[in-house]
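Heads up, there are several structures right after this.
What follows is subunit A paired twice: with subunit B in the first complex and subunit C in the second.
Presenting the complex of A and B:
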């Protein structure tokens, strides 16, 4: 395995005045260019992990390493410059009155010269396919468009990693597709490492690897194929399996001898067809 | 209490340069006791439509009949209060509307405003927290110390406290995790039957519409594109796709199977259970032919 871009080892954290740990003994890694999904129900500790990763919270025990260096006061600013975070509610993260101003905000804060700023803004909106909205008010865009603008704001800073913290959970189905397609493209073409924190296993199915959180601990880790084999166990901790996985297991219960390990409706249809034509 | 829309039009900022027509030629009937789902894209007029259900908005032309009351562009009942009591709206993210010091006070706020004696309001609050699946001990807590899912339940209890005959739900599960979503949907389904409510659900989830609704109203670009049972609405996936809407995953699967296998599946395939049975049947037919 290549040098991990992100590794967390034996991390514990609890909120002030709480006796129980929100996160305990959590360890995992992500490689450069990988898409890692962290899944769990509300209160499983997954959003706490997002905040730990960019130094908004500090672990009580354990080590977080990003880009080969431990995360501490001396490295946290560099880490925040290289890691962009997209939050759940698209309305809570705008400061500019136009899309262009909003993206410029972070660049100004980072002291980027004006000419370069203009260039970076144009490049960023092109990457999220929002180039015709530069003059628009962010608040009047659709949910999916708002999240794409938020991503553009991050891209303008040329990040190495993007963290999506439930970034699609408030969007309608079309908005969700827009955002996830954009992220997939950036991940594949620009090799930006993606950490997506979600309770949506359909979203997690697009990741290279999944870490399943339950009650503050890592319950399982592996490729989507591997993790979805947990089936009922995932449902018992409050997650909803992808449709094809659910449908497949119901069909197996009814005596149709399907194999395990597909997540899309197309794959399920092919599997059924193979069985059907053998009859 | 039936609700009947006749040729309803709604123009925002009418007679101004910013006029925008959000609804036109809307003719729908929501019969007493039915569970109706309203689906459509963001911007299709769903939210404008639902605000007509208790007189928050009045039509700029046409009429809305809510039980005995009639609301038109020029005339609306002097007393909207009784109407507001009959139709409870649970808006998106209703937990944002919590404001009182304790959960009990928050739930009692509506009934007290409508003149219910304090003792009775408190007794009702106690019943309601249980009804929405919370423990009695939350009554004394600040609503802001609860989790997001619990806050939402408290807000819903506040709407139910007015004992509405009809409940209107605008994306009631947005932002909840899958378990929370399922619990809330099951809760409304139970309330619908136990309290014999008329339920109107605005949703993006075709699965929820298929599973819970007796009838679906499809909105498109400000008017009613179709109204019918889930079976009728989801019979023609291509037509829905043309206006950018999808069908439940089970119906997609059925469609794919019909195409790949060259067969017709008679079942509407609205739930996983129905679909599994239909596929099972498809496989058993083949075996019969073989023998």
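Presenting the complex of A and C:
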């Protein structure tokens, strides 16, 4: 197996003046080009992990390795250049007065010469389909558009990995699709590794692999198919199974011979209408 | 409300004055504030007014916009005028009304002083009408650049200014939202006794402060995640380009100063 692009091993973290660990004994890996979803209820430690991954917090114990090197003071700035993070609130990560200024922010921080900046900004807005908004101020953009600008800001740095920390949870369904489609395209075409943090299993269903967090610990890890077999266990830790998964298992209970492994509504529909012709 | 109350009163345009480098505009206005005091007779005031009116005309901003900017200070101008009219006792008596006398000097002083005030306000409004707040910020940062050597945190101050400009519309929206939410709970923002008004304002400010602190915290985290580590080694996307046009406007202002110096009595 190729060396993982990201690996965290036995990581523990406590916030200052707290006796309880926010994250304990967490280990998982991600490979290049993979889409990894981290799911878990509110307060299960997902955001804390995201912050640990780009060195905003330092683990009390354990090792985090990115791109084959341990994360420490000497590598943290390089890691922040290669790993972009999109946060939950679209407004509170928009630094610039206009779209182009905001995309430029990370480039400025990294000392990219101005001529190259202009080039990279244009390239980045094109990839998120925001070309015609370059001079718009943030209050004239929708939530989904702001999140796409945040993604463009990351793309301008030509990243290897994007972390989405509930980046779609404050958006309407349309904004959510806009953002997810954009990230999915980048994941496929540019082989950008995606770590998508969410409590929406519907969204996680499309990942290559899922890590389930519960009370600061990893409760399960595997392909969506594998993880969704946990069924009621997931519901008991406060997660809502995707409609298609619930529907599929009900139908199976009733004796309808569906194959397992349907996580999106479209897939379920496909299975149902081909069921008869297969007989 | 958010859209017409956009920060400052910038009127978009492509006139000569709009295209001037914000540093040039800042320097001109700053110099102008000093130059105004050179004028002290009819000739110098005429020259000064001519310069100012030409400057305003070049901005191609509709007169109605300019007037709207001047309206709030018209009372002050009028008051200054009347004050000088009645208080200055110089020259011949022009008009006598009971115990009041109006002197020639009073008329002159009244007109001069209020004209001076009017011109000052007109010129400074030209700056805000033709320059976006972020351009002003860039201009100030660049002009104060040399102070960095004296450990003045110029970059940080400019960044602070830019971020507050960026968040004004966001906070305005939020204020509106909170006001509506509190009004739905029965808080009356429009009237009532003083103590009730204070209570209403507090019910608005407390949530606004709490959310602003949360925003600040998240924004700082996001900035760090995007590799921000102070002004050192940073490049700049927004660039100011000094053009021959800017130099010629500075020269024109210098000539104005020289002219007033020669013509004043």
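Everything below uses one rule, namely that the second predicted complex is superposed on the first by the 261 of 279 C-alpha atoms of A that agree within 3 Å, B and C clash if a C-alpha of one lies under 4 Å from a C-alpha of the other, contacts with A are read in each partner's own complex, and residues count from 1 in each chain.
Here is the rule we use: contacts are C-beta pairs under 8 Å (C-beta built on N, C-alpha and C of every residue); 3 or more make two chains touch, one makes a residue touch a chain.
Because the structure is a prediction, the values reported are computed rather than measured.
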{"item": "Subunit B versus subunit C as contact partner of A:62, first or second or both or neither", "value": "neither"}
{"item": "A:111 touches, of subunit B and subunit C: first, second, both or neither?", "value": "second"}
{"item": "Subunit B versus subunit C as contact partner of A:265, first or second or both or neither", "value": "first"}
{"item": "Which superposed partner A:101 touches (first subunit B, second subunit C, both, neither)", "value": "second"}
{"item": "Which superposed partner A:33 touches (first subunit B, second subunit C, both, neither)", "value": "neither"}
{"item": "Interface residues of subunit A shared between complexes with subunit B and subunit C", "value": "none"}
{"item": "Complex contacts: residues of subunit B adjacent to subunit A", "value": "41-43, 147-149, 174-182, 204, 244, 246, 249-250, 252-253, 256-257, 260-261, 272-273, 275-277, 279-280, 282-283, 286-287, 290"}
{"item": "Subunit C contact footprint on subunit A (complex, rising order)", "value": "51, 54, 56, 77, 80-81, 84-85, 87, 89, 91-97, 100-101, 104-114, 117, 121, 137-139, 153, 157"}
{"item": "Complex contacts: residues of subunit C adjacent to subunit A", "value": "2, 134, 162-163, 165-166, 169-170, 173, 214-215, 218-219, 221-229, 233-239"}
{"item": "In the complex with subunit B, residue positions of subunit A that touch it", "value": "41-43, 88, 142-143, 166, 169-170, 172-175, 199-200, 238-240, 243, 246-247, 250-251, 253-256, 265-266, 268-270, 272-273, 275-276, 279"}
